[in-house]
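Below are two complexes that have subunit A in common, paired first with subunit B and then with subunit C.
On to the complex of A and B.
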């Protein structure tokens, strides 16, 4: 019995290959975009974990310089002699690769890198020396040292014996000292031995995984949106297939197949198809992720300094999540239909229950659901806080708007019907209303995709405008210079004073503000800052107060995260609290910043040496020549403003390459949903069109009207998508960005972009409708006549 | 159960349908007994309850009161799945609307109920196809056949399952006169050969006259 029933159920798909294709392709596309995003996230997180293990971050307490400089060999020797069990580490960059040197003999046993040496040949590791890295990083390294390939080493990092790395870097200092977990009970205090160094507990090291969480959450949200759009196709295909099989179900039951058995078989059938579709989707997702990963890697490196492998691994975490969400999504889509089958009386009508029609009750339920969801979105907006609440607003708003679409479109079509002058167009508008329920899922998918496009494009373009403006403000100095040491810095400053070149020192130290990690900057208040910095909110004399050491400037993300604003006091050092004189926008920076006057900074942190400057000049090339020829500044230690701006914009654009790609893919999925809905409906249309054909409308005209109908629907979806998309943009800019990154962006409108998107959408709808319309226009007359023969 | 037991037996069967808040009685204490190999015509006006009686006999619906025995099984206390088993193994129904499976070929449709019952007889299926003139259509799908051909496929499907009781709900109601006569001839011949009991619902006096016994359902009672 099982075989006979399965054959009967599966034969439906064999006879309706288009439906099967719509189901599998819809699910595959939905899964692909979700799995692709998850694959990228999993790869990035694996890289962060590998980096943390390689660098020992978060594992051990460390001793680091107080003022961001380096540690001398003498400091290390002094600590060891005093009984401190420390192991030296040097950290630097060479050929764009992070080189990490350590002492394999004294490093803690569980130090990730230490295990590399222990598993390898220790003698060769020490003399003549080797560097360990993964294959991708090894290709970038140009050195005479032997490189051993080890896939366990984090991307972008090479490790070796401390002596070897010091040799490659041309340095003899140390970056930090790892503390063994077990230390002698009695040791001299650190401050007495090495006053320039401080203890950094393991849990206070910067966690790149946390910094990048918002970025990954944004990608995940996009993946989920694409999945939802794809699921509309699956829902539509399952709905049609189940409706068309009502007769089959009744016949099977009449022939003696128990209902429970039948429902279980249908469930198994759906699960098998879901696994097939999801499997295809995962393969597709892998390809999408492989294409997008290099851009994401560049973004993460540029934005957060996080190295991510450029190659993709087939990790169980993402493909299993893809499989699970696909199966759950399919079950959710099929659940209602299976319940209907379970509830269907044996002697119920075997004819499809007018799948393409809907009752007034269904419309009312849909309207109530839409209003309910939009009200929930409003409630989350008012009462919720946190990123998840932001995404809840987004999800509820989008789904509520999608459900509202058919409810809003129907009266428009009814009005058009009343306004139509000719009988042909009265029929056209009436028939278009009749098609609305059958196409509503595809229209909702199109609306979601269009809204997402409008919303995200508005956000990105608003962000870009603001960001370019912001770069002009913040990157006012024409040249940025890094001196080799304090004496070098002093000579540069002296020369610049003689040349009458304004010098803007860049003094900085890490601090903590209300448990938030932040950077404290000391600035030389002058026209550059006063003229260029635009505050989000400020006291009228903010710069005067900062110059006088009576106030600070906080960046927006710190102010929002710490719940502070202009006028609130902020503690910048033990016993030193100052009011916030201004809050400044600081886009693209994940860290909090507090700006104080140079004088106050030097008082609070006299040990911080000045090594970096910004220089104002109208002749940057001439000044560069002076710096390199007369002051011995290496070319690599001078960066000009235009290069930094270009780099920042490049990082910005690469950041949104992934978003743009996902945008286009989501729109493509929506176009596909439209095509599939029109194609599957085309077969059901024959009995509806036959009477019109018999009354004198040519098949060619019928095909043309089908095309016109697609344009009407797409245009209505576009019109409705505009307010929804702008609402989405507002939520992204004013809620999600604030929660995710800590900054709120002004919103700009881009009408030309919206018109262009509308044209694309209509073209996509025409392309999707072309084939079904062509098929209808070529329906053979005998197929139309069969409608009247009652012998179909 | 013995071969001498009635293949279908109704005792005091009643059935009502709820229309709004009122219960409308359709069957009011129906008594009926049919032996194996017997052919019975059930006539009556539209809405008299003929189809309801047929559905109860086929285990597709249940009686409110009274007992129904089909091929020795008392349907009353049986669960849904046990009634489904009786339908699968002992009963076959030929519907007015054919109720073929559109996605299966004619050949698969004919063999379908026999497969469900677990007793496929390829020789019988072949003979049925020849007798009913379906040999040239075995690879086709139902939608490509005429109404008469589709009804022949439905009859072949029912007979191929070798049921003890064959129920036919106006099996020629959708066919023209000539085709209807042909289909009925073939149905009666096959029933005679297999020894199944046939209960046939019809409006046609001519068709009813060709059955061994005629029953008329009037105001919920058999006459």
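On to the complex of A and C.
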């Protein structure tokens, strides 16, 4: 019996391959985007973990210089000889690869890279020396040192013995000292031994995972959005299949199949299909992730300095979650239908209710739900805080708006019906209203995709406009130079003074402001700063006060995180509190910054040496020659403004390539949803069209009207998507950005972009409607006649 | 003495693990090898010999508190070269490591340190004498007057030592043969130290006095391929005589022994293979294995037939390479105290 029933149930899909395709493709698309995004996140997180293990960051307390600079080997030996169990680490960059040198003998046993030496050949590791890195990084490294491939090493990092790395970097100092978790009984105080060094507890090391969380949350939100859109397709495919099988179910039950048994069989059937669709989706998702990952990797490296592997691994964490969410989503979509089957009286009419029977009650429920969701969104916006609240606002607002769509569209259509001059168009508008319930899911999907497009495009373009301005302001000096030591710096400064080249010293030190890590900058206040820096808010004479050491400038990130604004006092050193004279926008920078005058900085931190400058010149190339030829500055120690700007812009553009790609995919999914709805509706509509045909409307005309209807729906969705999208953009710019990155962006409008998007949407709708319309136009007359001959 | 330490040195670096024990017998790779009839030059020879693969400064002490409680103490600095010779900075092929331990009647504390040569973190200089790694040090104007300190997380000590007798040379004037195939090392001792100072233990500081024994040994290829472990004894008898004896256990169950009888005035008699005999009498379960902690030790020529018993049978050194080392007491034909080391008990 099982077999017979199953064959009977499955025969439906054989007779309706398009429905099967819609179901599987919808689920596959939904799962694909979700799984793809999860795969990217999983890969990135794995890379962060590998990096944390490789660098030992967060795992061990560290001893670091108080005032920038580095640690001498004498300091290291002095600490060891006093009983401090520390292990030296040198950290530098070579060929764009982070080189990490450590001492395998003194490093703590659980130090990630320490295990490299324990599994390898220590003698060869020390002399003549080896570097360990993964295969990808090894290709970037140009060195005569032997490179051992080890996939466990975090991407972008090569590790070696401290002596070997010092040799490659041409240095003889140390970057930091790892403190063993277990120390001997008696040790003198750190400050007496090495006054220039300080202890940095493990948990205060900046955690790259935390920094990048917001980026991954963004991706996840997009994944969920796409999943929701894909699930619309699944929902409508399942709805249709169950609707059409009411007759079959009645027949089977009349033949004696128990209801419970039938429902379980249908459940199994759905589960099998769900697994199949989700499986396809995971394969697709893997492909999507593999294509997007390199861009994500570049973004993360540029934005946060986080290295992520460019190759994707098939991790259980993401494919299992993809499979689970797909199956659960399908079950949720099928649940209502199975309930209906359960409730259906045995002798009820098998007549399909089609899609037209939506009662006013459903509409009322939908309206109430929409209003409720929008009110919740407003409540979160008003009362919530934090990134999650931001995303809650976003989600509630979008779903509420989607639910409101049919409610808003119906009166428009009703008005058009009244306004129509000819009976033909009165029928058209009436029929369009009739279609609304059937198409509303597809329309909601289109609305979501369009609003997301408008919102994200507005954010990206606003961001880019602001960002380019900002780069021009902040990267005003034409050249940036790094001196090898203080004496070198002094000679550069002297020569520049002779050449009459304005020098902008960049003095910096890490400090803590209200328990938040921040960078303190000392600047020489001059026209470059006065003319170029645009403040978000400032006292009128902010720069004068900063120059006089009477005020500071805080960047927006710091001000928002610490809850401070212009006029508030900020403590920048023990016993030194100054009012904030201005708050400056500092886009793309994850760190807090406080800017003070050079004189005050030198008083507070006399031990910080000046090694970096900005130089103003109208002849950058000429000045570069002077620096390299006469002053012995290495070419690699000079960066010109255009290079920095180009790099920053590249990082920026990469960031949004990813979101743009996801956007396009969402729109494609929405278009597909529309196609599927129209195709499935087409069959059901034959009885509704037959009378119109019988009244003399040609099949060709009917097809044309079908196309027109798609355009009307798409246009209405576009119109409604515009305010929703702009609302979304506002939430992104003013809520999500502030929570995620710490800065708020001004919002600009881009009408041309919206018009173009509207045209795309209408084209997508026409494309989606073309085939169903063509099929309707080709409906054989006898199929139309049959409608009158019998009740199907 | 301290054939024991060879396993640390030869098994060090980690690479040797991969090559296995058999790797010990391979060539000496440009390292100098000990030659018979050595003539030492002091104080220079108290310092390091970087052209030899391995070397150590190995001090053990039997101590007693005012209340009569016995204690044992160990301070050892090892040098192991990856290549002969020395270089400045991290490029130095010399690797240093050290072990420190304190044994009480019911506790045993042990810890270790590692360092690279060339940076100043560890090393030995002959004059004035100074052997150090991190804050651990054994130093003084010369080898006769030393201060000694070391510490771990739970224990530490600060001691002073004064030599009350001459240096003692083992084997053939300090050329000590380690196997029938002729592997050998340079080996001399200062077994006549008076020692006093403070042990810092979890329950508080303890003032102690006693006697200490320093071994100096260096070589390049000291072990035979067929040797699986060793048992080493340094015994101080109440009459003032001392006995150093070791047996290298062969994989086939036989052994190779050597010993030096030391008169109270420092006069020595070296004995060839077979004269010194040591047999396990009873085993103790220590760190998941059976280790002989009572021995019958004989040197027939001097009428020695004694029972050597561990003061604390749990004197296990749970370090990078684990072994047993602790103070013993002696009964039988002679009585006294001493130190016992055992390796290769798996």
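Heads up, the rule we're going with is that the second predicted complex is superposed on the first by the 788 of 792 C-alpha atoms of A that agree within 3 Å, B and C clash if a C-alpha of one lies under 4 Å from a C-alpha of the other, contacts with A are read in each partner's own complex, and residues count from 1 in each chain.
The rule is simple: a contact is a pair of C-beta atoms (placed from the backbone, for glycine too) under 8 Å apart; a residue touches a chain by one contact, two chains touch by 3 or more.
What you see is a predicted model, and the numbers here were worked out from it, not measured in a lab.
When the shared chain is aligned, no partner comes close enough to touch A:783: not subunit B, not subunit C. In the superposition on chain A, A:103 makes contact with subunit C only, not with subunit B. In the superposition on chain A, A:316 makes contact with neither subunit B nor subunit C. After overlaying the two complexes on the shared chain, residue contacts for A:332 are found with neither subunit B nor subunit C.
Judged by the touch definition given at the top, the superposed model places A:388 against neither subunit B nor subunit C. In the superposed model, A:247 makes contact with subunit B only, not with subunit C. When both complexes are overlaid on chain A, the residue A:77 reaches subunit C alone and has no touch with subunit B. Residues of subunit B touching subunit A in their complex: 55, 58, 60-61, 80-81, 84-89, 91-93, 95, 97, 99-104, 108, 112-113, 115-118, 141, 143, 146-147, 174.
By the touch criterion stated above, subunit A contacts subunit B in their complex at residues 1, 3-5, 7-8, 11-12, 14-16, 247-248, 250-261, 346-347, 350, 790-792.
On subunit A, the positions that touch subunit C within their shared complex are 73-74, 76-77, 80-83, 85, 103, 105-106, 117-118, 120-124, 126-127, 161-164, 166, 172, 182-186.
Subunit C makes touch with subunit A in their complex at residues 13-15, 18, 82-83, 89-91, 93, 95, 97, 111, 114-116, 119-121, 132, 134-135, 151-156, 200.
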